[in-house]
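Read from first to last, the chains carry the letters A, B, C, D, E and F; within each, the first residue is number 1.
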């Protein structure tokens, strides 16, 4: 139960720490935690546990740990259920020991990270489970919360999903407006190839099977099948015959994802797992 | 329909712009929008509209506008349904005119802000509407998405809600762990008052009506009634007789909020409006 | 003599360290401490003491310590007279042991913090002592040195004073220009209340006893009595009968403060303790 | 009366703006100017004046102007008495026209800069005036307020003073501890010269006339005469015969500076003009 | 002669400006351009030209222009030979008109960018010209000057070259140490694929033709042929039969590059074009 | 062989670390080192060596060490040939032990610093060796790579050279355009002196012996002899008779530098040692 999914390598601390630091600064403001500083004696020690109030897939403990460390490097943080693992309702995720005041000061920011990212991982994992009998992989999009892209991409991996491109610059996705600007899929792909070297993948978004044929003929790496019916998705798989990776996209839900996966597409992308995943309820109990 | 709710003063641009800039940098990465730069001619002009695909309360157009301006100061952004107003499904929220390439480069970040913040405003507004016949005000918490507190607090105002404290430093909230550390509510409040001047409000969290009596006797500004039944809330209102502001808290939902408000409490706080509000579906149509 | 005053909780290191770092960068420039690097052997050890050349209330040793630590984490800094305590002329405040070169490099920045903040604490403490026989508390203002607000507010606490609001956002202070813009005190307060939730205190500035009556009738939290004679202050206290906190403001000096306090006001605010406090002369002796 | 002193070139905007921006962020906090935003209508226009309540030498209007511009670029700021000029009590220094709300939001930060820096300029100018009949120049030190060195050095120039080195890196000042570490003045100077090229000046601090002879014999650029009596200063001038610049240092006050200057030294340095100058009282009148 | 090469889309100003700003801050230090401020009257106007003292391919005018604009937004900068174009010795690249003082202040930083980046473009263009009769494309590496990767990658494009990956994160390059850690090329590639989605290309570095066969059998996107003789490169091309992109790497020089290209490889990578390109001599003439 | 040259005091870590951190962030991008994270087991240990492939003067190991430390503080970095020492081809410069994955992640940035800065040191050292029999010192200029000035100045010292001014602010260099703006050398120097205190050196650039006489008569500290023939340089030395430091400048090469030095000038400045030094080939061997 507490074994993490594979490939849950976290962001490097050089990238993670500034995000956590900013969140702490946002909460400390100028005067800091005036309540705890005035009421809780500096020497008072405590032991607290991060508890999952509901079952879910865990992500973001690494950010929570970073928050406690930045507030007080002497706090001891022991992970019990790591990022990428499944937690039952009531499970203890981690133990924090040390200054009671410091624990209280870091608590909210730590929980905000753990709750939000575990929410993303849990939503992802639900889709992943739903397509487990197929070869389809669940991938995220660029529809992420501003400022948290790297962490949300990590939470998607913790949930068993895979990462689509991280930004505008690490892969090409030629959409309808690009095609319209170029005049045709062919023009767009040719312009893209003329200015791109060998290490950038090219994906083309298509709305119809006719466009799909055009894109396949051009030998692009991936084709995004936008808002197609499952019938059309199945036809698309038949047409492609493995000549390109096929990615189904558009209003994928837990109800529809299995049927989409059954069409034989390689990837199914979901914006909702990052932009609309409800928080996983995690609390700090003393 | 397009009149904004009152009190939707946006964050000052000095505070907003760095958040938007970071989101753009996160999306541009190092190489920038390679797709648009290679395919869309630099001189090509376009006119696009931000469209609400579903009905909701709008928030975050100011951040979307900032994203377009930072990518290209010559883009013309015209608001049609401002932050704080209600939009029907299909309504045009704003028009953007200028370089097609620049519009495509800024699109996703602009939508990520507008969709997320309008989601927060819409969730808030639903609660506000549900208690409209009472004096109860809906307030947010510190359970916000890391890095976006100022913007989410603004979105709550756009939805007709009010803002609880912005951080650990601008008001005191004495919780169960503080009380335990001090030995009693009385001790905790006395320590707080001994070190605080005249411009900081003090709120005490209580679980029972007995604790409520203690807190009332101390003359604190606000009392947070944590996870009480509506019966107990009603009794609390009767006991308080206006001697302190009363805030009901704990698992407030759209289903339960009206009953909570009917007890006569002054404020009802919700973490879900910031940490679990689904995105409002907003798109950019050319 | 060396017991610190209560409530001298320092700013969190996350807030303090960036301010000290910037001051060190400002002094190191690009080439660093060329004098010490060329002349003082890297291996040379030294022991130095921070000495108060004149008597005063100490504040800012925590910033001085941070400066030494940032220049060389292996330096040993031992506090002898902590922030918030009184030092006699000639007293040793702290001992620093380790690399002679590192001590020389950090010296000036450490002294600039300690001297300035102890100056603020000393000026504050003088006012606090002068009103010790009354219930009046000394509070600071927003008239602080740009960039040092959090540290100067801390120095005020070290001197036994209390902190007024930290900025424009954590409490409302309705001044003459706000009242003029609203048309009346009543309008201004109503606008303020309509857009503010339960955790923000409201203070109104009044120049006359007539205005005082208006403000009292509105039930605001605090009333700032601006530039009133002690006679009028005494009348104001009589009128208020405890219905609001009363804060006397305007050209308070060590000569006048006792008389102001004797009128029975609750708070006396002073800009001079932060913007015009002379440095306390502190030196580093080897 | 309103002619600025020469050589008052301000810091470049690239260096000034970040300092002003930080001060504004410090004052705006998270929620911004909640008082003005709720009470003052957005469309209300106003005209305000920066008034010197007391006579003094002006510095820092450039920072005040920057504060108003950063809060609202459409505000019109017209300088009437520029940085470096003398103002009589009651004189209008500048006019600001535009949004009343924006003026109120920027007011305090603008005044904090103008008051502090004009205080530095005024204290400097008093010393400059006191030595006007001699060749002695007043110079500042590195005893500046953390974070404000560049601005305070500028204020010193506005007051007619000159700038000593800006940091540890742009000139060498060999002090007693350096000499002790090297074993002799000769050793110290030789080490300095061995590692320094032709564009760095070398100053040696001496306590006695014997040390002065040593330093003169080494041909250093400047010699700091530390805490000498005016008799010894006069002897030092006689000994030096122009072979090095002579700088008198140590507890220079308005009372003693003329006598120090009369000894014939070239420079007189003062830490008090930056670290202990009282604010010049400047206000914003509508 | 002055037509720019295609695909020379510059980095977005959001990415470019912070790099230029840092360079200016590095040059201005604390006191700024003291020479020009004291000697050149503020009102003096001038017209200056950026001149290529030697022939070369131009890159970095966009950074030079940004430097002039940041120092003085009113300077007029007119490009005559744009980034990506060839300049003869003595050619005027751009004209700058406005404040003489501002031009002098920005001059060195502007030239440092233009000279360095044009050096990179010129070195790239020499290789590009040398292989113009083949299908081989010249690509850069991650051997760039710290802090300038985005700009040097742009300069490579200005020189007619193509960009390899921008960092560790936007494509996979499996090197000898990765293969050793995994035990075999097969293991390494399988691990890579198991954790990577559809939009990341995979390149494998091989030293021998035996390894090449392994890599080809795995269907990777690109194979880096490390330090092979031209004979082996030719054999590699024959073996690959277009199944993967082939990139030749290792000590490519202007003398050897044509022979390497003649083997039929698709890409030739060079570290020297970024890490060892001599400056193109560009000067500012008044 | 492994003894460092004197005066190679490195930049303080407060100045160095941000530069290295930025370089790492530039390489890690958003997703980090995806190749090593997926392929190299987290627990795998390794021992690697930094090897100089070619002979040269070493500089920048301190930056390489910082890169390894920032990626993984537990890596053990042992210097064998320190900054400022000469390395033979094939020499091991340092050993790194610890996590194989961390070593691979930091490798490229570490090498980019070490290779570039050792290139600068090597080019400097070649000039220094060439003039070793004379009193002439080699100095660098402000023609440095943007963002790396402090490190390149350090590399020059590692190569046995000396540093000219670090920026526009720490010394005055009056060039032809300044002289033209002032009307004469005399005017320019007088303006400079009127606004400058005693700790800033003044250098004047001259093109002719007539100008040299003017500058000598004014008693400036240093005179830059621009692009003079060796005959004129010799005459200049004769004219100056030690009244000012003489600096020869302009197209100094390894071929010409000995002849320039033989004229008797005090300093010879070279831009090429910073802007055109080829990388020293340094590799990481496991």
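Here is the rule we use: a contact is a pair of C-beta atoms (placed from the backbone, for glycine too) under 8 Å apart; a residue touches a chain by one contact, two chains touch by 3 or more.
Quick caveat, the model's predicted, so the values are computed rather than measured.
Trainee: According to the touch definition, list the chains common to the neighbour sets of subunit A and subunit B.
Mentor: Touches both subunit A and subunit B: C, D, E, F.
Trainee: Note whether the interface between subunit B and subunit D is symmetric in residue numbering, meaning over half of all numbers used appear on both sides, and answer same or different.
Mentor: Under half of the interface numbering overlaps between copies: different.
Trainee: Looking at A-B, A-D or A-E, which pair matches D-F on over half of its contact pairs by residue number?
Mentor: A-E
Trainee: Which chain pair shares more contacting C-beta pairs: E-F, or B-E?
Mentor: E-F
Trainee: How far is the middle of subunit C from the middle of subunit F, if each middle is the mean of its Cα atoms, in Å?
Mentor: For subunit C versus subunit F, the centre distance works out to 45 Å.
Trainee: As a quick test, compute the distance in whole Å between the mean CA positions of subunit C and subunit D.
Mentor: Using C-alpha averages as centres, the distance is 23 Å.
Trainee: Rounded to the nearest whole Å, what is the centre-to-centre distance of subunit B and subunit F, using the mean of the C-alpha atoms as each centre?
Mentor: Between these chains, centre-to-centre, one finds 52 Å.
Trainee: Between subunit B and subunit C, what's the gap in Å when you average each chain's C-alpha atoms?
Mentor: For subunit B versus subunit C, the centre distance works out to 33 Å.
Trainee: Any chance you could list the residues of subunit C touching two or more other chains?
Mentor: Where subunit C meets two or more other chains at a single residue, that happens at 7, 9, 26, 28-33, 37-38, 105, 149-150, 163, 166-167, 169-170, 194-196, 200.
Trainee: Draw the chains as points, connect those that touch, then say whether the picture is a line, ring, star, complete or other.
Mentor: Its topology is that of a complete graph.
Trainee: Enumerate the contact residues on subunit C facing subunit D in the complex.
Mentor: Per the stated touch rule, the residues are 19-20, 22-23, 26-41, 44, 46, 63, 100, 104-105, 108-109, 111-113, 115-116, 119, 142-150, 166-170, 172-175, 177-178, 180-182, 188, 191-192, 194-196, 200, 271-272, 275-276, 278-279, 286.
Trainee: Quick one: in the complex, what on subunit E touches subunit B?
Mentor: Against subunit B, subunit E makes touches at 7, 9, 11-12, 14-15, 149-150, 153, 163, 166-167, 170.
Trainee: Residue numbers of subunit D touching subunit F in their complex, please.
Mentor: So the residues of subunit D in touch with subunit F come to 6-7, 9, 137, 139, 157, 162-166, 169-171, 194-201, 203, 221-222, 245, 247, 266-267.
Trainee: Given the complex with subunit B, which residues does subunit F contribute to the contact?
Mentor: Answer in residue numbers: 26, 29-30.
Trainee: Which part of subunit B faces subunit E closely enough to touch in the complex?
Mentor: Against subunit E, the touching part of subunit B is residues 21, 24-25, 28-33, 37-38, 70-71, 105.
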